[in-house]
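What follows is a set of structures for review.
Consider the two complexes below, in which chain A is the common component and chain B and chain C are the respective partners.
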Partner chain A sequence: MKKYYIIARNTWDEMLTYRVSFVMWRIRNIIQLLTIYFLWQVILPPGKTLLGYSQSLMLTYILGTSLIDSVVLSSRTYAVGEEINSGNLMNFLLRPINYFLYWFSKDIGDKAMNICFSIAELTLIFIILRPPFFIQTNPFYILFFVFSVILSLFIYFFLNFLLGLIGFWSPEVWAPRFIFITLLGFFAGSLFPLDILPKTIYEILRFLPFTYLLYFPLKIYLGQLSFLQIASGLAISIFWTFAIYFIVKATWQKGLKSYTAYGR
Partner chain B sequence: MTISVSHLSKHFQVHQKEPGVIGSLKSLVLRKYETVKAVSDISFKINEGELIGFIGPNGAGKTTTLKCLSGLLYPTNGKISVLGFNPYDRKIEFLKKIALVMGQKNQLWWDLPPIDTFLLNKEIYGIENEKYNIVFEELTKLLDAKDILKVPVKKLSLGQRMKMELMASIIHSPKVLFLDEPTIGLDVLMQKKLREFLKEYNIRFKATIILTSHYMADVEQLCKRVIIINFGKIIFDGQLSNLIEQYAPYKKLSVIFREYVDPKKLDKLGNISNFQYPKLIINVPNKKINSTASSILKNFPVEDITIEDPQIEDIIEKVYTQEDKRKK
Partner chain C sequence: MEDKINLSKYVKLWWMMTSMVSQNAFVSRFGAVLFVLGKLIRFVFFLFFLLIIVSRTQAIVGYTLWQVILFYITFNFIDSLAQFFLREVYRFRSYVVTGDFDYFLTKPIPVLFRLLFGGSDVLDIPIMLLSAGFITVALSKIGSISPAEIFIYFALLINGFLIALAFHVFVLSIGILTSEVDNTLWLFRDLTQMGRFPIDIYQNPLRSVITFIIPVGVMVTFPAKAAMGLLSAQSVIFAFIIGIFFLFISYKFWNFSLKRYTSASS
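Up next is the complex of A and B:
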């Protein structure tokens, strides 16, 4: 569908008009990344292991989260709530366009830009720091890794969209989002691998969708999961993908009903 | 029949909040709802190619009606048919044939030039290249927009942006066009241009247009037929000329005297609305206009005399206030 391609392209162009702020934001990301990177390098000297992680595995995990972060955990759907509140949603309801796909296309444009920058940054880090990077060669793991990343992309998109839909009922769309972002930083495993947590806590996290956003795909990449673990993990993420999709769909229908009945 | 509305009503549940923190807390626990009847039981029919002025004071229900017609609001009661569709279904075929332009809502991409939004709309509406090019050229010429097509929207002035919003909204050449305050915030020259454009569009595309506006000049120059709405009800539906006859069957006669005239002598001329030497303004029934004018010319020292139609604003005001009184 060409219209969605153009939406993605326009989003890309739009980002280019704010080059400076985008570059600044990326620099912030790099600094954040380097902080965690050096921290782990000190905690885990070469040759030692911590809770089953050697230095190279841990550093790969940390750099990997950064890459997936920019592919998966970037979504522009935070603006959905504002559009509902400002009444701009009307513009979409009156045009033959799918609002979900509209935002998904915007996200694709956004992600494409972020992927380009991430790859450039990681290459730079790779050349300068020469980290002992773990490279997965087993195509079986790589395949499941990619599949799992795609699932997490959808989970994150729907979760974010859902948060935006709060706008149908309340103008305060930001407070829930801040809580969400904070929870996410912890539960998705962007600071450390989740399996270094006590086993009981991890067993609970395993059933939440957040685990499958970063931690799970990277564990597959590192080749640390058995086939059974991969299968059950994928099953849980597929379940969440559909569950959240249906929740978003139902919420959208309900919100639209009140929107069109009460007007704005 | 392009548009047919029968017994349309739209009520809103609006929740009431007392001012202040205590009011906010109260409303958290105990929400009071009040039903607001934005539109109650209105009916009208509009034929293809008509250009209708939809007027009424603030909060009369104009925008609500337009939203119902375009499918944004679900009617509480009544039936609407636009181009044979039920608007609320928002079928793709329906959406491709209509447009709602709201003076205060924007669809242009803020950081990009307008042409990018047009190209996106071209794909959204599935317009073929050839047809797009023709319409694009034509609209560019009609709106005199050649120089601003490639300037980022954020750098355009309000008037330029309105032009571009309008162009983005009608690039798919809709058969039915709803315009909500299209001239709001524009200067006199731009208003005039926009009016000329709408007139031209109406003729060239055989489009049916409903227009709401606070500027009576918009209505006067564009619309043969007007629908006046107040308190959610239609109080007049008909030709603009009939409205004038019905509510203002008089002409405005202004006279400038050369010498001082005794006001008492003027009394017998009829209903004097204002006399401040040397200027006299008098409202004369249409039938008596000739005799009154000639008697003034004969009996008084006149410097200048003009006969005008009453101002449309005055008439509308009269309609509103009469309705207000009836309400009370």
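Up next is the complex of A and C:
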């Protein structure tokens, strides 16, 4: 286990080495967050509600997605496709290391740094803008919220990894990822809570994995779901976690058989 | 006469460089199709998002659906126009790091022209045309817009592109001094994305910052407001002054940076 801890720590150190890049990345995150924050602030002035969302709940949702984003959506696995294409994967296949755990450890290092910055940024936003914020005190909701975040973390890891495996069959690994990021931007719920969409669309989205990355954990935190809705949502999350895991495993095995270490 | 000849020479040069870069873009047709598809999906989804918000709330800070759409489409048009013409700027870092920039300096082409217009991105054409089409629809749907307002709208669109051009010159200049390009460029992209919505939604001092210091508002929101007849004559004049001033300052900064280029990577 120690080697994986060192990989996570190295990733943390790498990010400290390229400090300007990382700080710029975080500034960009703040700009994106403020754009959506101010939009919802004017759409929902104090006293007005929209489909069950008051200003306080909506701004908690928007700020909450920013924090969950740094936990769930920060990942290094975007480089898997390049590793395969460049032939670097061979270096890992020859070493006594689990390739999945290697990337997962890198993700942990990345997430740790992003979480630290995200907390600092949100603290600053709270001090400067003083947004109305909903604090959940019910341990039941908090517990399920944490559990759903952990599941979403795995769903995202496997989804991202799966996209990287396209590298076994095609050098074009960025274009599919571009589509994935575009879809994620809308269907994960970082711009708006998905239940403001027309009911038919929402009912379809409820069965897709994107919904369980940001939207579902935040809905639990806000206490807007019944026990039955939480249970069914968690069941779908667990299903996707295992389904994507098995698809990744099968794709990885198949990819290795066709891998020629081209580029090395 | 000589100016005319020079202009046609530059257009011919741009055409040649764009043709060569376009051939590269279509090496992987699968990738090209996916990139265009991704841009279209993003465009359609965001329009859908605006539609949902306005249908649920009737208006955003007093603007109707088609007015909100005009703000977004205006942003999208200027953004895609800048990406189409100025895509070469995205490749500048590698030119500095590998030393290829020295090679450009020895060529009988103005180096700033080469770095700004050295390879337009044809994959941006569909989204640019779609935006242009939507501008026409939005302007007709808003109605009661005078020809003078339409003229000012298009003049301010050109002014918006000049501000975007100035930003790209700033990015290149910073790139020469620090070899940092990508982050500055993406920071600029994120700042301009604040203009997807009317800048009236932002509180001060942020609103003042994106109007006067980093004039995203002048670049994107002002043209749409002019079309709706919501921009005073003073603001229109102010917008053009800002555009010219930014272009002038960026060019001065470019000359300042170029004199400090050390050719360390060559």
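As a working rule, the second predicted complex is superposed on the first by the 259 of 264 C-alpha atoms of A that agree within 3 Å, B and C clash if a C-alpha of one lies under 4 Å from a C-alpha of the other, contacts with A are read in each partner's own complex, and residues count from 1 in each chain.
In the analysis below, a residue touches a chain if its C-beta (ideal position, glycine included) is under 8 Å from a C-beta of that chain, and two chains touch if they have at least 3 such contacts.
Remember, predicted model here, so these are calculated numbers, not experimental data.
Of the two partner chains, chain B is the only one touched by A:3; chain C is not.
In the superposed model, A:197 makes contact with chain C only, not with chain B. By the touch criterion defined above, A:21 reaches chain C but does not reach chain B. Counting the residues of chain A touched by each of chain B and chain C gives the higher count for C. When both complexes are overlaid on chain A, the residue A:172 reaches chain C alone and has no touch with chain B. Legend: residue contacts after superposition of the two complexes on their common chain; A:35 is shown touching chain C, with no touch to chain B. When the two complexes are overlaid on their common chain A, residue A:182 makes contact with chain C while staying clear of chain B. Of the two partner chains, chain B is the only one that A:97 touches; chain C does not reach it. In the superposition on chain A, A:51 contacts chain C only, with no contact to chain B. Put simply, chain A uses no single residue to touch chain B in one complex and chain C in the other. Against chain C, in their complex, chain A makes its touches with residues 20-21, 24-25, 27-28, 31-32, 34-35, 38-39, 41-43, 50-51, 170-172, 174-176, 178-179, 182-183, 185-186, 191-192, 196-198.
Residues of chain B that touch chain A in their complex: 12-14, 38, 64, 67, 70-74, 88, 90, 92, 95-96, 98-100, 102, 105-107, 109, 111-112, 116, 119-121, 123-126, 152. The touching residues of chain A, counted against chain B in their complex, run 2-3, 6-7, 10, 13-14, 17-18, 87-88, 90-91, 93-97, 257, 260-263.
On the side of chain C, the complex with chain A involves touching residues 28, 30-32, 34-35, 37-38, 41-42, 45, 49, 52-53, 56-57, 60-61, 180, 183-184, 186-187, 190-191, 193-194, 196-197, 200-203, 206.
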